[in-house]
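Two complexes come next, and they have one chain in common, subunit A, joined by subunit B in the first and subunit C in the second.
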Partner chain A sequence: MSMNEFKPKIVAFCCNWCSYAGADLAGNNRLSYPADVKIIRVPCSCRVNPMFILRAFQKGADGVIICGCHPGDCHYTSGNYYTRRRMALLFSMLDYLGIERERTRLEWVSAAEGAKFSQTMNEFVEAVTALGENKRLEDLRCKE
Partner chain B sequence: MQRVGVFVCWCGSNIAATVDVKAVAEALKAEPGVVFSTDYQYMCSQAGQDMIKEAIREHQLTGVVICSCSPRMHEATFRKTAESAGINPYMVEIANIREQCSWVHKDIPTGTEKAIILGRAAIAKVSLNAPLTPGESPVTKRALVIGGGIAGIQTALDIADAGFPVDIVEKKPTIGGKMAQIDKTFPTLDCAACILTPKMVDVAQNDKIRIFSYSEVEAVSGFVGNFDVKIKKKARFVDETKCTGCGLCTEKCPQKKVPNDFNLGMDMKRAIYIPFAQAVPKVATIEADYCNMLKNGKCGVCAKVCTAGAIDYKQQDEIIEEKYGAIVVATGFNPISMEKFDEFAYNQSKDVITSLEFERLTNAAGPTAGKLLRPSDGKHPETIVFVQCVGSRCDACNEKGKEYCSKICCMYTAKHAMLTRDKYPDTDVYVFYIDVRTPGKNFDEFYRRAVEEYGVHYIKGMVGKILPEGDKLKVRASDLIENKQINIDADLVVLAAAIEPDKSARPLATMLTASMDTNDFFTEAHPKLRPVESPTAGVFLSGACQGPKDIPETVSQAGAAASKVIGLLAKDKLLGNPCVAGSDEMMCNGCSSCERVCPYGAISYLDKEFRMPDRTTKVRRVAQVNEAVCQGCGACTVACPSGAMDLKGFKNNQILAEVDAICR
Partner chain C sequence: MQRVTRDVLVQKAISLLSAGTVDRVLGWKAGEFSYDVTPYVFKDAEALKADFVFDDFCGANFSKYLVKECGKSEGKVLVFLKPCDTYSFNQLLTEHRFDREKVYAVGIPCDGMADITKIREKAEGISEITAEGDGFCVKTLYDGDVKLTKEEALAERCLNCKSQKHVAYDELLGEEGEVIDSGRFTGVEALEAMTPDERFAFWKGELSRCIRCNACRDVCPACTCEKCVFDNPKSGVENKAIADSFEEKMFHIIRAFHVAGRCTDCGECSRVCPQNIPLHLLNRKFIKDINGFYGDYQAGEEAYSRAPLVNYTTEDIEPADAVKKGDGENA
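Right, the complex of A and B next:
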């Protein structure tokens, strides 16, 4: 399979209050980004259990991005700080497991930043595409 | 097993143009649990909703997936539809195939493929949904208005008029805001004070309204209907209940060298002062940094002359705690600082002023008693140059200014030019502009009068540099229509400075968890359909804190915000968010991890008896979630080491099912 044909599977966890609305704004403004990105809505980035990310990689996701409110702007006052710490830990563990660091990302995107959302997704998809398919954690037993 | 119905919306051509909706509906039929799948032009229309209801009854659906616009748009609509067909409203899931699919992907195969995957994820989630019932919470029937300018005043008056108590918190010693500093208002040229001060008096006399002047909001907690707010009443060293506002102290105070911020520092006030004659509350305030008595204990003149005995040098800041059902933000604006605009010589010459300073110069209660005199030498200026868009409509890369149009400058500059020519017909008045924007009722007529009747010279072009030379200001500018350089020797230059949100807005937004845009203007819940509500429930927006506005717009938005507040306070109970955390007692080991991360203190512990297999009982400590306090962030679900804590509506297995469906 040539690199040009490779379409990565990307899961994006988006906070309902900021980046999910930011993605809606990107849509309103028709700011395109690759269709490889599929968004899962969560009430807060701190709802994202590291288990969800591991499961995504296990099921064959090539990249996972978590988007939350800017530090200080969390709708629930402190959720994004928990996310920041948890993800720092998880990402270093994934790194240790051999999942390239570029396959995971934590970004702050506000409800007003449609352009940033689109730009972030474009960059992320490009980075993951360059890495190619993720096979490290894929559990062959999950294959149908 | 859930019986799921799938409804794919065309949204006219919004979705159908880049997503093959029929193929999506067909593909999703094959998903587990789906017993019915269809498409329709407009699902949100009455006919579309009727179709959903009909299908729910006919196919005994237990779960509904709508593939349509963002859930932020119509989730509530479709939940109501489901409820009216007899199923729990929380058995509805939305696949966002418009904002996050058809609008951002340009070709049909790509859009269709993604829409199918998003639909699949929603089906996987809804299959694990459980009926939810929201809890009820009471409503505190009192509103808080933050900011006492015309926006806050109008909001408070309208809420009080409906019979609800309102508190205004104003950081300055008096309400009135920017409008109190303005001389005349466009396009009618009626005097700002004449229309504002009666409203200020109405506020003071209204027994439903309390004013906390010289006060700031210190902390906000709680949620819609039940906010707990701490207000810091700063020490003004005058007992408000005793002061009669006679003003004797402000005449006798020996400290005369205090910059008068009401006149933007163009003249001096005393260390004890009343900002202006019509101030509300009309109470003196001591400027602590300048008062000799407070600084070194030597003076006490004001206390001696005060017949009411209102002076209290030992007064301390006071914290007031109050409960509110709704909060209105009306923090307003300020002109931006001219510090960075060296080319206009604002820091080099006293005769380069901002438009707000010009307002004070022409105001009868201002530093020159309304005579238009140069700040440097008190002479009458013969040539005045107005520069528009100073800091407005700057390039994104231009660090000095703002990208947006400040909206009010074109009109007030026309007003200034007109008033100048009216009072002093011998004065030459030039206005440099990029565009003249007059999209309001009677606005363009007003601007044309300035040009045609009052002979104001409007020149399209920007001023490049202003050089103070002798007692003149050499204005170097370009005329873009004549395509030539222009040099004008001006006596006074007035800069129409861009406006920006008040500096207090950012920390306030953090306290309220209300969102802001990149310019620090508060974001509205929907730019068209919910313009006066913040996305945070119970927080409303009034006036220029939401974006640049003139007075009529501010007043109408203030009334709109008030009507939203009244609608909220008129309810006796609010339905809460049922998507709250819950702990599985059998799995909980009472470790307190969840309690430590909960931002709301919603988790407590209970010693509970459990029956063991050998028929003995054992007491264990287990977590209990207070559903009325839980806001549903989910922080606890991740902190829980035993997986006992889960979030209703966003359960672990639901999100995992979505992940699986996307990665399949």
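Right, the complex of A and C next:
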């Protein structure tokens, strides 16, 4: 591998009750996903404030993915429904500002879907790697 | 639509003050220049007679002032509301931001307010502006008298007026108008039709002018948090970036997102922006999306309605489909 090969920084917000356990299952089953994915555990996908996403981009993330329970399966009954509305509006707004829409994603991954977790992450990292470095949403004041 | 005159408003205010219905009046007062009108709290008839103004530069939306003003005295405050202001009034009521019992709201008709920036584009070195027939006569230092029609000086938000109907008041002066369709999403649609690179270039050009004065936040009737996320001194982005780039986008995306579903599209943000950034294009994108994804919703149309972002259905659109929704129509 050459030293100059682009390795994206990916932030994955994972719901404690489903996707985080899904990531665990992927590990138990020896399914791999790229090491570029940094998982942040949240109590519910609904905990993800749109500002967290923009903040990650400001600080230099190249892609942000949010994983939550399938609609109808939220541990707190309805959290993921609110997430879905918020992210629909936020992603549409980012698109409106001319930000590549492949940099953000919302996926529903249950605790039993280790294979889906691994596959989703592989696909997402591949898509972001193809886009290259996030230049449009970075903020030099925040980058270290 | 016939506008009520300044004298009618002053008389109304004085009669309500002397009857004891209200003990102060939220109104407009001339600033240093005649076109630079400032909100002011009048306490007696003399002050009203001397300083109260009502003309084409009284754009300020008073709804937000009620949040603080209501706490200042036991008595009621008289407030004059234009149709678009009444939407913000209802929205603040929905959010329990002021006490309805302590306000006496008088609805006044509006046929659009003038934008001093537009007048400045046509007349340099303004020394005096007087209303003349259906337009203005602008005395300038360099070009003599410049005559403008009302249409030419009309603020952007008034060209795209959504309603001349008052949705809340205790008393109405003049005649009631109608909810109108003036194509307020045309600007958003034009942007949606561009390619992502063009859109990025457009917004970079607009938002890089931002000086982070926070005027849009301070004037917004939906922004009434006592502690604001943008005042956090540890965020690293609380001040203007020392760069002429696209650094202030987070401020603008989050500002618009925080009022999504609650923004009544009163247009105050664009009015006060010293850099003339078309901020309403961000708010209107959210309004257009909300209407498209979750059904038509006008914030403030009814008090105590449930905003779309604190609501859901099990069949809502997925974000991946939401971003593609505009593609088909504009491809």
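Before moving on, here are some points about what is shown:
Keep in mind that, in the parts below, the second predicted complex is superposed on the first by the 138 of 144 C-alpha atoms of A that agree within 3 Å, B and C clash if a C-alpha of one lies under 4 Å from a C-alpha of the other, contacts with A are read in each partner's own complex, and residues count from 1 in each chain.
Convention: a residue touches a chain if its C-beta (ideal position, glycine included) is under 8 Å from a C-beta of that chain, and two chains touch if they have at least 3 such contacts.
Owing to the predicted nature of the structure, the values given are computational and were not obtained by experimental measurement.
Shared-chain residue A:Arg105: touches subunit C; no touch with subunit B. In the superposition on chain A, A:Cys18 makes contact with subunit B only, while subunit C stays out of contact range.
Looking at the shared chain after the overlay, A:Arg84 reaches subunit C, while subunit B stays out of its contact range. In the superposed pair of complexes, A:Cys44 makes contact with subunit B only, with no contact to subunit C. In the overlay built on the shared chain, the residue A:Phe52 is in contact with subunit B alone; subunit C does not reach it. Using the contact criterion defined above for the overlaid structures, shared-chain residue A:Gly27 touches subunit B, although it does not reach subunit C.
When the two complexes are laid over each other on chain A, subunit A has residues 50-51, 55, 72, 78, 82, 86 in contact with both subunit B and subunit C. Listing the residues of subunit C that touch subunit A in their complex gives 188, 191-192, 196-203, 229, 236-237, 241, 243, 245-247, 249-250, 253-254, 256-257, 260, 282, 285-286, 289-290, 293-294, 308-314, 316-320, 322-323, 325-326.
On the side of subunit B, the complex with subunit A involves touching residues 70-72, 96, 98-101, 103-106, 110-111, 113-114, 117-118, 121, 509-510, 513, 515-518, 523, 535-536, 579, 597, 599-600, 631-635, 637-639, 647, 650, 652, 655-656, 658-660, 662-664. Touching subunit C in their complex are the following residues of subunit A: 50-51, 54-55, 58, 71-72, 78, 81-82, 84-101, 104-106, 136-137, 139-142. Across the interface of their complex, subunit B is touched by residues 9, 11, 17-18, 20-21, 23-24, 26-28, 30-33, 35, 38-44, 46-52, 55-56, 59-61, 69, 72-79, 82, 86, 110-113, 118 of subunit A.
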